[in-house]
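Have a look at the structure that comes next, please.
For reference, chains read A, B, C and D in written order, and residue numbers begin at 1 within each chain.
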Amino acid sequence: MGRFGLIFKSIAKGRVTEKYPFAPIELPEGFRGKPEIDPEKCIGCGACATVCPPSAIQIHVDEEQGYKTIDLFLGRCIFCARCEEVCPAEAIRLTKEFELAAASEEDLHQVVKLKMAKCAGCGRPFDTVRHLQFIAEKLPEEQKPMLALCPDCRAKLASKILTVAARRHR
Amino acid sequence: MMFKKSLWVFHLNSGSCNGCDIEVLNIFTPKQDVERLGIKLVGSPRHADAIAFTGPITRECLPKAIEAFMAVPEPKIVLAIGSCACGGGIWFDSYAVIGGIKEFYKILKEKHGIEPPTTIYIPGCPPKPEAIIYGVALARKAVEQKQKSEIFVEESDIDDAATLFKEATSTRHFIPKIEVIKRGE
Amino acid sequence: MTWVALAVNILFVLFYAPLMDGIERQVRARLQCRKGPPITQTWWDILKLLRRPPVAPEKAVRPIFNLAPLVAFAALLTAFILVPTLLPHSITFWGDLILVIYLMNSATLALVFGGFASQNPYAHIGADREVNIFLVEELALAFVIVTLAIVNGSLTIEKLFPVQLKLSVAIALIAFVVLVYIASARIPFDIPEAEPEIVEGALIEYSGSQLAFAKYAIYLKRLLLFSLLLNFVLPRNGVVRPLLFVIALPILSIIYASIEAYCGRYRVTEAIRLLKRISIVTMISWVIAIAGW
Amino acid sequence: MVDKILAEYGAVVLDRNAKRLVVQVDDKQLRPLAEKLFESGFYYANGVGVDERGLGHDFAMYHVFASEKDKLYLVVKVSTSNLKLPSITPVIPGSNWAEREAMDMLGLEFEGHPEPERLILPDDWPKGVYPLRKEFDYNERPEFVERKPESTPQRTDVVQLPLGPYHPALHEPEYFEIHVDGEVITDAKYRGFHIHRGMEKLAEGRLTLNQVPFLAERICGICGFTHSIAYCQAVADAAGLDWPERAKYIGVILLEIERLHSHLLWVGVVFHLLGFDSGFMHMWRIREKVMDIAEALTGNRKTYGLVLIGGMRRDIDESRKNWVLKTLTELREETERVSKDIFGMKELINRIKGIGVLPKEDARALGVLGPVARASGIDTDVRRDHPYLAYDKLDFKVPVYPEGDVLARLLVRYDEIIESFRLLEQALSEMPQGDVMIEDYTIPSGRVGLGATEAPRGEDVHFVITGVESKVYRWHPRAPTYNNLPSVPIMLRGNNIADAPIIIASIDPCFSCTDHVAIVRKGKVIWKGPLGEGVKQVGR
């Protein structure tokens, strides 16, 4: 039929254009849209930042103020949902939101600032309060005091205990 | 608003993987058909009202991108399409790219003294065609901007770990409150 | 009365020319299963362009580059003083078909010069192709005019419109229908401004209001060609004429745009070969006209 | 047979499995061995220069050869302590770019290379800085040096126009230089690599093994998924992993969806280049449905991001499977109907008949791949010759046309669209139950792995050396366009300039695929479309 066949078919087909932006569109289940951190659930463990391929989630530690900042920059996010997969607290998930355009780059940031706990030994802030609690819930009671120490102090303490034990053994 | 009814776009691939380029092309196909909104793709930057960057702007593309950018008459709109153009994407700190539109503006400012024009950031990898349409509608101020920067700050008095564990043992599910600051409101 | 009619005609063409492009865009969109732009879209484009500042490229020959779109626009408007459109009254004005064709061609040439003056390689190629096609097209057009002149015994617009239908005239008119298609630079003959290849050819360096006038001139040229075609066949007087004229224009648009939507672009050589064939047809019509049929 | 040749040239076998063989040869034996391999049916698949100082060796060059007949990938390693190696380009033209790439990125020298010029880095890149050496940090940004003016003198016998790199026809920056005699093309040169994004270094530097699939997917926004699969196959090959059956089928389904969308896109673009915009609109209207399927299955229209080293991240549930099957049946009918009408437009078809011919011998010498090779009469398809995922359990035909012109390339792709529909239907209905991901694995370090997939444009070959602490030591992807582009000058020669754009587009060039590594620094460059005819007049 050639070109005339095609013309007739096009007319028969009619218009296929959707109405967007004047009408919303349907999105399939499982669509990977904007990632959102639930600030009430986030424990600041940093697992998401570690797996994020483009480093769109970055962690900054402010030792003076005692805050840990989780900075999610949508303008670099590749919407791969790895963060959702690894988050132990189910705090970050991908919504169906895709209308993310913004007039300034600042609007593309989502920042969660979490309070950090000071080490019982040296007094240096070392981990978020929530992360410690999260671990504490899974630890047996007798090991919990160790959590109050930063990794450095913990190592020192551990070596001390070991030396004492070794001496005793001897 | 000059571009309310008619907006001509010059599309510049500044080192993109093609994903965004295809989606830019895609909005002209029957399903989305943005010609109905008066949007047209033009081949010459001189004809354009808006310039669409896709890609993190590679070193090799940089001089050409500056040239094309300057050829678009003022006033112009810049559409930074895709995560690469917005913030450098997965390559943001690689040796071969300059890392997104913001860095591009810095270079423009330093070398040519040009102030950045109105810019619409459209994140996505690649953004859905509808997301691009939404971005253009935002440039025309036809829709409200949904995406706002959010800063959540945890408010809590406890800051030393020793007291924390005293408290934690008594109330297992103690969770400190959080304060939300939304910028732009 | 004539002046009022003239003013009405000019206003009509000024208003309708961009609208016609809008209609054609809509037709093409429908044939591609799209919603397409509103028919006022071309108007919005032009209004926007008029508000934008023109930027001249550094290397351009400024006087020619800046003037070219205005010259083209003015030449075509002048042609519309001669060619009756909605109201037939301007027919009594002086001037003949040759003048109309000259005005139309000077508009084309103005844009070609503008393209050369811009010093852009794409514009050069576009302008160059334009000239190529234009030269061959001219030959065919000349034979059409000569045929009509012989049959009607005159070249004045007053005598020519509408033409007497004879065998030679019929052949010439059919050739003219094709020529109108080619001269209005539609696919597959939009080679001079082929978008995917050389980016609107001669117009590449134009921007803002200059681009608006250049585009306007192109739309006016299409309308002028349609008007000439309709004038040859429509009755000259009466209330029916404006009515028929207004109905016939969109119909022509629909037909031409449908053909345009379902053709691939020719190479320049192919286009020229086709034009040469049309020239032969028009030459035959001329011979037939001399023979008196 | 291969073993006999290898023994003859004193090659030492380092590692072997059913699909690939790694050997090491002495640098003096390399060129004769390469020549012998080429004669016995091997083509050049990939070339990787590696800075092996971190593994306790010197610099090395890995040449990868492939053969459909032997169903084998052969990795030939040559080491060097003084950065000098013999070039094999004189005997296998296909290795030209790979060697120049190693010169650029690592500072290796190839003795006897016909055009030892910089290929990869930008014009303003300082000399003596080699990004792929281990001492270079991935995020180091050396100072811009002065751009050298084009070295090629202005020629008077050819018309040169600085067209591009932003040409509206291709929506990607690239340059072609076409030398014209009258209206006929006498020679053409390519210059591109504007999209070199430093991906290989990034993979070694910032990313971990399981992040690289996402990077690999962004090699190309059209055919990215097949790259991420190829990468995971390469790592799986190095570590000896095997995916669960269901993951393999899901991989096939997504790969075929990607092929469908890519081919429909290409057919549309060809019509657009021919000025037939309605054809473009119809093809893309059909393609839109394919994108919907991809979105429903993966959550994104492109860059599916579904694959990790252990398998697939998402399963396909029953109801969605049925919906996809139904939609595919409708799509297949629609595609056949519209294509039948378009193929009925005689003058359109005649326009692309007999132009851009690539003879079979040249195609083989350059190692041309995929639909371009199949349109030149080379019966090659990774899916059949080196089966991966579940392709060995599915039934499909490999279309081969002997003409070698643009029309043949269109027909090959059209046949592949239809085959893809068939493959999808089979894979969806035969998919076994089970897991889609293995979580429990270890990746040994310092192992060589090779992964090959059939991308819509041809064969992707990914080469991996695993590193410590779940990093890659070296990763080198080779996209099909890398092998196909050098054939364009041959296709162009002798043709009318009017046909240049359609010929170039006929290989379905995907410059971003190729540009992950290189930059040509040659002559004044031109991409001239059918403006060509105009070019002739201007030059007169």
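Throughout what follows, a contact is a pair of C-beta atoms (placed from the backbone, for glycine too) under 8 Å apart; a residue touches a chain by one contact, two chains touch by 3 or more.
This structure is a prediction, so every number in the text was calculated from the model and none was measured.
Asker: Let me spell it out: compute each chain's centre from its C-alpha atoms, then which one is farthest from subunit A's centre?
Answerer: C
Asker: B-D versus A-C: which interface comes out with more C-beta contact pairs?
Answerer: If we tally the contacting C-beta pairs, B-D comes out ahead.
Asker: Could you tell me the distance, in whole angstrom, between the mean C-alpha positions of subunit B and subunit D?
Answerer: Computed value for the inter-centroid distance: 30 Å.
Asker: Would you mind pulling out the distance in Å between where the CA atoms of subunit A average out and where those of subunit C do?
Answerer: 62
Asker: If you average the CA atoms of subunit C and of subunit D, how many Å lie between those two points?
Answerer: Between these chains, centre-to-centre, one finds 47 Å.
Asker: Can you work out the whole-Å distance between the CA centroids of subunit A and subunit B?
Answerer: 21
Asker: At least two partner chains per residue is the criterion; list those residues in subunit D.
Answerer: Residues 168, 206, 214-215, 218, 278, 281-282, 285, 300, 303, 345.
Asker: Would you pick out the residues of subunit B that each touch at least 2 other chains?
Answerer: 30-31, 33, 36, 43, 89-90, 93, 125, 128
Asker: So which stretches of subunit C touch two or more other chains?
Answerer: In subunit C, 31-35, 195-196, 199, 262-263 touch at least two other chains.
Asker: Based on the touch definition given at the start, go ahead and assign the chain network to line, ring, star, complete or other.
Answerer: Looks like everything touches everything, fully connected.
Asker: If you look only at subunit D, which of its residues touch subunit B in the complex?
Answerer: Against subunit B, the touching part of subunit D is residues 121-125, 131, 136-142, 144, 147, 165-166, 168, 171-173, 193-199, 201-202, 206, 214-215, 218-222, 224, 265, 281, 284-285, 287-288, 291, 300-303, 510, 512, 519.
Asker: Could you please specify the touching residues of subunit C with respect to subunit B in the complex?
Answerer: On the subunit C side, the touching residues are 25, 29, 32-38, 41, 44-45, 47-48, 51-55, 57, 195-196, 199-200, 203-208, 211.
Asker: Which residues of subunit B touch subunit D once you look at their complex with the stated criterion?
Answerer: 11-13, 15-26, 29-31, 43, 55-56, 58-61, 63-64, 68, 89-91, 93-97, 125-126, 128
Asker: Quick one: in the complex, what on subunit A touches subunit D?
Answerer: Touch residues, subunit A against subunit D: 1-3, 5-6, 9-10, 16, 27-32, 51, 53-55, 78-82, 85, 94.
Asker: Would you mind writing out the residues of subunit B in touch with subunit A in their complex?
Answerer: Of all residues in subunit B, those touching subunit A are 30-33, 36, 83, 86-90, 92-93, 100, 102, 118-125, 127-128, 130-131, 133-135, 137-138, 142-143, 145-156, 158-162, 164-165, 168-169, 172, 174-176, 178, 180, 183-184.
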